[in-house]
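Okay, so subunit A shows up in both of these, paired with subunit B first and subunit C after.
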Partner chain A sequence: MARLIVMGGGVSGHTAATFAKKWLGNEHEVVVVTPNSQWNWIPSNIWVGVGQMNKEDVVFPLAPVYEKAGIDYRQAKAISIHPYGNKQSDKEYITIEYTGQGKEGQTEELTYDYLINATGPKLNFDATPGLGDGKGQMGSNTVSVCTADHAVHANLELQQIFEKAKKGERQKILVGTGHGMCTCQGAAFEYIFNIEHEAKKAGVRDMLDIKWISNESFLGDFGMGGLHMKVGGYVVSSKLFAESLFSERDVPWLIGAHVSKVEKGKAHYELLDGTTGVEEFDFAMLIPPFAGVGFKAYDKEGEDMTDVIFAPNGFMKVDAKYDAGAYENWKASDWPRTYQNPTFKNMFACGIAFAPPHLISKPASSVNGTPINPTPPRTGMPSGIIGKAVAHSVCDMIKNGAENAHLHEASMAEMGAACVASAGKGLTTGTAAAMTVYPVVPDFEKYPGTGRDTDYTFGEIGLAGHWIKHILHHLFIYKAKLKPGWTLIPE
Partner chain B sequence: MVQNIKYYPDASININAGPVRSFKESYTDMLTDIIDTMKAHNLEALSAIQIGYAYQLMVIKEENIYHAYANPRIITQTNPFDSTEESIYFKNHPITVKRYKTLSIIYDDPHGEMKHKTIDNKQEAATFQRKLDYLFNTTLLDRLNPNQKEQAIQALAGKGIMPDTTEDYCPPVSKKEYFVSVTDKLLFFMLVSLFLPLFGISKETLESWYLYDKFAFPISLLLMVGFFFYAQYEAKQYKQCTSCQIGNNIGVIVKRVAIATALAISSYFILG
Partner chain C sequence: MAKKEEENFAKKDQFTLTMIPSGFARKMRTCVIWQFIRFIAINIKMLVVVSKSH
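What follows is the complex of A and B.
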């Protein structure tokens, strides 16, 4: 019997673990180690953050689902990896520290035959002084919608802002990215327009100054270099679309911005042109940058070998080309295909946990040398697809032997992705942008110029986007709960 | 080398240009082509996409020097004003759009070094914004609201470089579409007739509607026969006409014949 440990129970880890268990059956063991007791459909956190959904609508307990699936669930955080074992044994293992199940604070060693790292990111609030609390958690100056609890807190704060506005107090709202190297601009984009929509519904829009701040070098970049969109029968660029959307809703913007420091009611920033400024706010939702969760790796002697397995940013090294060099040399083929660690063939990473070879957007720095550009998005659809491919590879290795197994591939340079950015939640009113991108990572050799297939890289605006988002919400929670037919629902 | 300039309504200008990634030989060749084309046409500014290069590169003539802006971005813009502009794409037809007088921009110079510049001049700023728009598949028309856009399109009628519809190219609107349009209307009312019994309408009225259905069905079939022969006739007129392909025409016919048949059968059982 082989044991597969999946570290992380988010979109990618949950997908990998559940498919692996389905394919391996009871002959082999699948263990999930995640510090969370609940699974969270993160895209709907936006609606929690404006009070249109409750936390219970976007989460469900993992334990009964894993019990039903026959997966060994450990509510714990993984601390370290020991791929050579220790002085007493050659058997590879990880150390975990429980966060629940009545064993809080206890540590344990779990041996493994195969290891999938799907921890997702560390929300690196402390990368921006004042955005974090100095202890790795979100600070008190701003809010976030990155987790369900954050979104609940964001809504409470937002409702207070609305109450003040109702009393005639003018309020300033700032939404966007909290660092020059953030990703997930789409989530912030969605949140600002949901706030704007709810403010109108509450009758307080005229008392709110809402402003956007982002590290994108142009509005509508979305961290993907932009795309073209179909709006009312016309084809327009996402830049023009976004500019129109912001202008029509009276939302001014700051782009090419690195938030360098946050204080109570103030965000200090530097722009790509080198200028600096301060933006005042009464309410701010600023997305933090992502980093690896900070695993350590040790050899048999207990010596630190973290840099063998992990890149400096804390994400796990996989079969990517990390020495591509200058921007002009970047190729689609630099991106990983199998997500197998090059040193340890029984170790994989999926979702946000793998180290990308380089950025997707063109790298940029301010005239002062501060890097300001979106980092590669690896969330949502690509996360799920990669998780499933990695599970497939591991299952083949277990069943056919590591040497004979076929490793399954899911390169982001050959993969499309879809996302929906809503501006409200109604089924009969409002609009949403539904976007597809192919490939996620531009392939400048195959598609000279834009690097993308323009037939499959487009967005559409309309009410239907709301319906799609509702459908996705219910469909993916249904799938994650492993209800009948869950395998038929695509990632 | 002087390249062909794209003129309205050439839609190939409407794609997002990709970033300039290398500043070596291919970049120099592209830059040379843009400048040669500007000189040949006596232009003050030109975007790469206007001569078919899908890269974020534009050249503006400033005090007789051709200044290249690769991967340009506007970081801040202030002082809006109405700018009446002409572009060679629209054969210098003037269009008024909203622009900003003061811009803080960044771009890569011909060595790939990022530069910053402030523009505080209406004409220079408008030119920069117009050329930048082209790099993001945006023309002057796209900056207008729907009413203004419609008026501008009407004003541009006949002024662009239009394909010669008398010979090689299929026309934008085909007369065979009239057959389809009439058929669709007949079928729509056949569909409506099926729901009438739900509203307690008199027997005489229902009989009249059934009579309508009995005529509408064969007329629909005849219209589709007419569509087929007229489409075949039209297809022979043009050398290039994707909408004239027989597969498309058969698809249109099969779809409507199937719907007409289904509606006729339903009518027979519901109203007959």
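What follows is the complex of A and C.
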């Protein structure tokens, strides 16, 4: 019997673990180690953040689902990896520290035959002074919608802003990215337009100044260098559509901005041209930068070998080309295909946890040398597809032997993604930008010009997009609960 | 007299060079019948991309 440990129970880890268990059956063991007791459909957190959904609508307990699936669930955080074992044994293992199940604070060693790292990111609030509390958590100056609890808190703060606006007090709302190296602009995009939509419904829009601040060098970059769509006989950049939407909703923007410090009611920033400034606010939702969760790796003698397995940003090294060099040398083939660690063949990473070879957007830094560019998104559909491919590879290795197994591939430079960004909720009044992009990472050798196949890259805003986002909410929670037919729902 | 859908575009300098959706285009975004047709079309397009990606 082989044991597969999946570290992380988010979109990618949950997908990997559940498919692995389905394919391996009871002959082999699948263990999930995650510090969370609940699964969260993160794309709907923005609706919790404006009071249009409750926390209970976007989360469900993991334990019963894993019990039904026959998965060994440990509510714990993984601390370290020991791929050579220790002085007493050659068997590889990880150390975990429980966060629940009545064993809070207890540590344990778990041996493994195969390891999938799907931890997602550490929300690195402290990378920006004042954005965090100095202890690794979100500070009190801004709010976030990165977790369901954050979103609940954000809504409470937002409703106070609406109340003040109703009393005639003009309020300033700032939404965007809280650091020059952030990703997930899409979540902030959704949140700012949902706030704007709710403000109109509440009759307070005229009392609100709503502003966007982001590290993108142009609106509509979204961390993937933007996208081009066929419209009216032209192939049009997402920049034009994004600028149009922001203007239509009276939301001015500050782009190419690195938020360098946050104080109560003030965000200090530096722009690409080197100028600095301060943006005042009454309410701010600034996405933190992401980092690896901070695993350590040790060799048999207990010596630190973290840099063998992990990149300096804390994400796990996989089969990517990390020495591609300058932007001019970047190729689609730099991106990983199997997500196998190059040193340890029984170790994989998926979702946000794998180290990308480089940015997707064109790199930029201010004249002062401060990097200000979005980091690559690895969430949503690609995250699920990669999780499934990695699980498939591990299952084949277990069943056929590591040497004979076929490794399954899921390069982001060869897969597309469907994305639905809400711009307001409502059965007949809601809108969302429904987009597909193919491939996620542009391939300028295969598609000279835009880097993508414009027959399969499109986007439009409307009520249909909102319906799709709402249906996806229920569909993916249904799938994650492993209800009948769950495998038929694509990632 | 400015059309209602164009009013916001004069509020900030950075708005003035952007595309302005017409009143018709804005209305169609929430026209239930048209959006039902788009719902079918978008789903088909998305399924094609999803099938090419698995």
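Simple rule for what comes next: the second predicted complex is superposed on the first by the 481 of 491 C-alpha atoms of A that agree within 3 Å, B and C clash if a C-alpha of one lies under 4 Å from a C-alpha of the other, contacts with A are read in each partner's own complex, and residues count from 1 in each chain.
Assume a contact is a pair of C-beta atoms (placed from the backbone, for glycine too) under 8 Å apart; a residue touches a chain by one contact, two chains touch by 3 or more.
All values derive from a computational prediction rather than experimental measurement.
With both structures placed on the common chain, the touch criterion links A:182 to neither subunit B nor subunit C.
In the superposition on chain A, A:490 contacts subunit C only, with no contact to subunit B.
Contact with subunit C, but none with subunit B, is seen for A:252 once the two complexes are overlaid on the shared chain.
In the superposition on chain A, contact of A:465 is made with subunit C only, not with subunit B. Of the two partner chains, subunit C is the only one touched by A:431; subunit B is not. In the overlay built on the shared chain, the residue A:240 is in contact with subunit B and with subunit C.
The intersection of subunit A residues touching subunit B with those touching subunit C, taken from the two complexes, comprises 240. Across the interface of their complex, subunit A is touched by residues 14-19, 21-24, 53-55, 71, 73-76, 104-106, 114, 116, 133, 136-138, 142-143, 146 of subunit B. Residues of subunit A touching subunit C in their complex: 240-241, 243-244, 246-250, 252-253, 381, 385, 415-418, 428-429, 431, 434, 436, 438, 456, 458, 460-465, 467-468, 490-491. Taken together, the subunit A residues at the contact with subunit B in this complex read 217-218, 225-228, 232, 234-237, 239-240, 254-256, 271-275, 327-328, 330, 362, 364-365, 367, 442, 444, 448-451, 454.
Contacts from subunit C toward subunit A in the complex involve residues 5, 8-9, 11-12, 14-15, 17-21, 26, 28-32, 35-36, 38-39, 42-43, 45-46, 48-50, 52-54.
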